[in-house]
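Okay, so chain A shows up in both of these, paired with chain B first and chain C after.
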Partner chain A sequence: MTFITELKEQIKTALPDLDMVIGWERGFDPLHATPLFMRKAQDVERLEVGPLAVHNTATYLTGFKGKKVGVVVKGCDSRAVIQLLQEGLIDRENVVIFGFPCQGVVDMVKVQKYLGNTGLVREAQIQDSSLKVKVNGEERDLALKDVLADKCARCRYPNAMLHDHFAGQPIEPHAPEDKYQDVEELESLSLEERFKHWEREMHRCIRCYACRNACPMCVCRDHCVAQSRQPQWLTQDDSVREKWMFQVIHAMHLAGRCVECGECQRACPMDIPILALKRKLNREARDLFNYEAGVDPNETAPLLSFKVEEENINERGW
Partner chain B sequence: MAEAKYISRAKLGKWLDELSQQMLVLAPVQEGEAVVFRPYQTGTEIRLDGQPTLPPKEAVFPASEELFAYTYRKNPEDPAQTDVEIGPRAQPQKTLVFGARPCGSRGFVIFDPVYTQGYYLDPYYRARREATIFASVACITPENACFCHSVGSGPGDTAGSDILLTPVDQGYVVEAVTDKGGEMLGSSLLEAAGDKAGKARELRDKVLKDMGEPRDFTSAREKLLAIFDDLDFWEDVSAKCISCGACTYLCPTCYCFNITDESAGMQGSRIRSWDNCMSFQFTLEASGHNPRPTKAHRLRNRVGHKFSYYPELHQGKIACCGCGRCIKHCPMSVDIREIVIRAMEHQTESGEEAGA
Partner chain C sequence: MSALNQNELRIIGFLCNWCSYGGADTAGVGRFSQPTDLRIIRVPCSGRINPLFIGRALLNGADGVLVSGCHPRDCHYAEGNFYARRRLEMFQRLLSTMGIDPKRFEYTWVSASEGQRWQTVVTKFTEQIHELGPAPRFGAFQDQNPVVETKC
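Up next is the complex of A and B:
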């Protein structure tokens, strides 16, 4: 039995006691999956799991308060569930977690880079270690490792970390540790160069807030300070200053909470590399508080707790 | 169309150099993996080979536009009295949008009746619209999300364009669509197209044919009204929507805006900026009541407006260019075609077809 058959069986068995189970199905073309909300047994047949199932299903959980919801999760999605549980934003008894071993997800921006214009995609298949695409009548064979998201190459948690059901056999981490190489590279730039980098990148931001709404930890949603007029933190002027200010707010609110699922960056229609901001703060949280978000549901995020004396902050030394 | 011209790819840059001496030229430029319209300068590398990420909407309808600046002044004789001084209105400069796809340029055909006809005229929009010329490139690379031919357009559509370029051989056949466009084709860099004009026409026809049978969305106008109150339907089709504004901000036809005063001390600007109906604040009333409290209500509005309410007011014209940006750039791959089709095929609980 393949893990997907096993997973479907597990979902079908649990479904009668649940309002729905969130997973993925084929989207508008063979290259795109789309979230699937399974309410009836026949919906489960449409479930598709694999490298095209890019979306973080946990993003929807806070929108279903009071409902009993099942959620199919990759490793990174499960970290979002854990963090939401940890912060009391969802109830453990109302969520049923279906885990599976994730071999990594495809970064559509990379696929586009390799294919040039995507054109008419007729077929897309994952076979062993390659993504085979039939585009504009031509067969293209992309090595999976070339088109996987950067987050997958450094992933230490490919298996759902918290689950009620697990389909398949857990796999080894894709990387032994996260060296925060992307953050280091940015930090090696001078202040001026870094400023220019963000000015250049943020210039094309259209302020659609896809980054915010795709984020499983951004739970303020309709009441975000970005759009509030009372108090007013941002103006409607579309200068880099305003756009940047929001990114800073987003990153600060996620400090030590971000599970690095990368949904903010994936959701961005303008291909702005904003995950690095959150990773920078996460690395600080790790170095200062020895803490990693979304790993242990019984922990408390460092910025949601208080210690009289922090171990790694020399508060009286200056 | 007037006599067709031809320009080789090698000379295209020179032509744009010439044009950019006479006016502001906006052309598609790659930033990251996104393609956006930016002012052209000699040497700017432009991308004409695919659909730009953003349509050329900002050329006429900026994401954020200062309508005017204002300054409050207290009367020193009578400090209780404050005067406000309003700054001059900026006049738009003559602009050429070069290299949009027909589905991008067509967007303003949807804007026009709303902002330039009827009782309410929008002077800001009209001034920019009149100052802007569109030279579009016919599409030869439709994608999976494309459905221009199902909404009354097509890969070689000229609606909204003043000039149409069609890629042929090692260059482009250049045809004037309007008089305004015709005036732009005087450059000695352009030669007579000869038999290339026929090739261009054949190519456009072939691309349209390759897109397959169009979908007929006409019946959506009534069906969408008939299921307006069926919130179960709307909750179902909007389940995966995350209420961001990517679809509306990337849409060539979404024309809604907000007006805010952005003040600092005694000075400020009145700004008109893009708004989007996916946002909670879009219909939030001063009392705190929101007639569209959930994403189901909001997505219903977006689909209904394009395929029902707008056509109702504007001779059946669908307020969608079929460019597919809202589908291919949606973080969750929400497919507006699927929603409209499901609405058209939706059966009411009594088993009757909605709207029948």
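Up next is the complex of A and C:
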């Protein structure tokens, strides 16, 4: 990864004019990264970029409103930045974007599938196209393509789509188009099976709201309807119904806004596949309004606009 | 106490104050006979209807939800129903992925003078819901699988 030196130089040059730059560093073990907030030049040395840098740095932007913040972004993170700009939730002049070519990020659920519960990993490193992990004194070699997140296999925007600085050379998209295979799979089930599927999945939900907290587009903070008593959308009941209702709320609040960074699903401690619900709505937004979120900062979200004659909505005759 | 007799299902109707509620009133004044499964909630405009109202209703025990507003271009607030149309269409398409039959929810436009049309809409929609029967409920799963394996 030769671009990392270039990236660090770019950040160091820009840092004096910024309050901070958000990136990633090594987390509690070498297999896990954690977000890094670089305020001084020496912090920049801790920056680590690569397939382990899973977090979406754009999630923090709305929390730093009014400050001048730099963000190191993958392709999907940059879409979140674009979407936030489009909705006027952050100001362009207060954000400096550092892009780099992203080869995909590792899905820890997949790593666990191969290695079981790893505990604290002593050694892990990315070499070319494999992930080398030392677990219980044993050297394990995983092919990177086997452990990359699903979103990366279908990624059409591996390079930051909007950037002030770009380190390295832009790379080709990982896939020419998104076929929405996960949504198709879900829809190949019968209605009853789908209902059962969600019941089974949502039964595991512990209502930690990590999905919401990790979501870059969930910007209501303390005013989230999930905790509001007036109006009271959800009760404190731990039933599947309430948990499921929250996911439906989350999906609808993201309708036509979700940039499919997959943070909700990654952050979920119970590994509930909730991204499919949001992707379903995205596919419908594409089919109905020919719209894709987080691509053009000057577009208007489809549900915030209308056409008097809708081309793709069939008026129902009764 | 349930007001339901065996043959009735719970259908919730969200009607806009200016057109459809008036249309339902016209149908009543005209003494058109209608099925009685529908419980009407009057809202200021179809643009007031959050699609999640429908989700909440369906998850909380409604078997069907009907939304009705002014015809496009006839909205009392000029453009409320245009926004509603997009939102409701998106939500209806989400329902099938949720495992709920999208036919349990319909949206349509009825003006205040269309008492006859209102009668048709209510009758047809009620028939449609009766064909589908009661909505699926959560709960069956927990009974069958009391212990669920959790990952650490």
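One rule holds for everything that comes next: the second predicted complex is superposed on the first by the 312 of 318 C-alpha atoms of A that agree within 3 Å, B and C clash if a C-alpha of one lies under 4 Å from a C-alpha of the other, contacts with A are read in each partner's own complex, and residues count from 1 in each chain.
Throughout what follows, a residue touches a chain if its C-beta (ideal position, glycine included) is under 8 Å from a C-beta of that chain, and two chains touch if they have at least 3 such contacts.
Worth saying up front: this structure is predicted, and the values here are computed from it rather than measured.
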| item | value |
| --- | --- |
| First (chain B), second (chain C), both or neither touched by A:119 | first |
| Contacts of A:280 with chain B and chain C, given as first, second, both or neither | second |
| First, second, both or neither for A:233, with chain B first and chain C second | second |
| Which superposed partner A:266 touches (first chain B, second chain C, both, neither) | first |
| Chain B versus chain C as contact partner of A:197, first or second or both or neither | second |
| Which of chain B and chain C A:173 touches, first, second, both or neither | neither |
| First, second, both or neither for A:244, with chain B first and chain C second | second |
| Partner chain in contact with A:186 - chain B first, chain C second, else both or neither | second |
| Residues of chain A contacting chain B in one complex and chain C in the other | 112, 117, 200, 203-204, 270-271 |
| Chain C-facing residues of chain A, complex | 112, 117, 183, 186-187, 191-200, 203-204, 233, 239-241, 244-245, 248-249, 251-252, 255-256, 270-271, 276-277, 280-281, 284-285, 288-289, 302-303, 306-308, 310, 313, 315-316, 318 |
| Contacting residues of chain A [partner chain B, same complex] | 27-29, 31-35, 37, 55, 59-60, 109, 112-113, 116-121, 136, 200-201, 203-204, 206-210, 212-214, 221-223, 227, 229, 235-238, 263, 266-267, 269-273 |
| Of all residues in chain B, those that touch chain A in their complex | 31-34, 36, 49-51, 53-54, 62-64, 141-145, 236, 239-240, 242-246, 248-250, 258, 260, 262, 269, 271, 273-274, 276, 279-281, 327-329, 331-335, 337-338 |
| Chain C residues within the chain A interface of the complex | 51-52, 55-56, 59-60, 72-73, 79, 82-83, 85-87, 89-91, 93-94, 96-101, 106-109, 117, 120-121, 124, 136, 138-142, 145, 148, 150-152 |
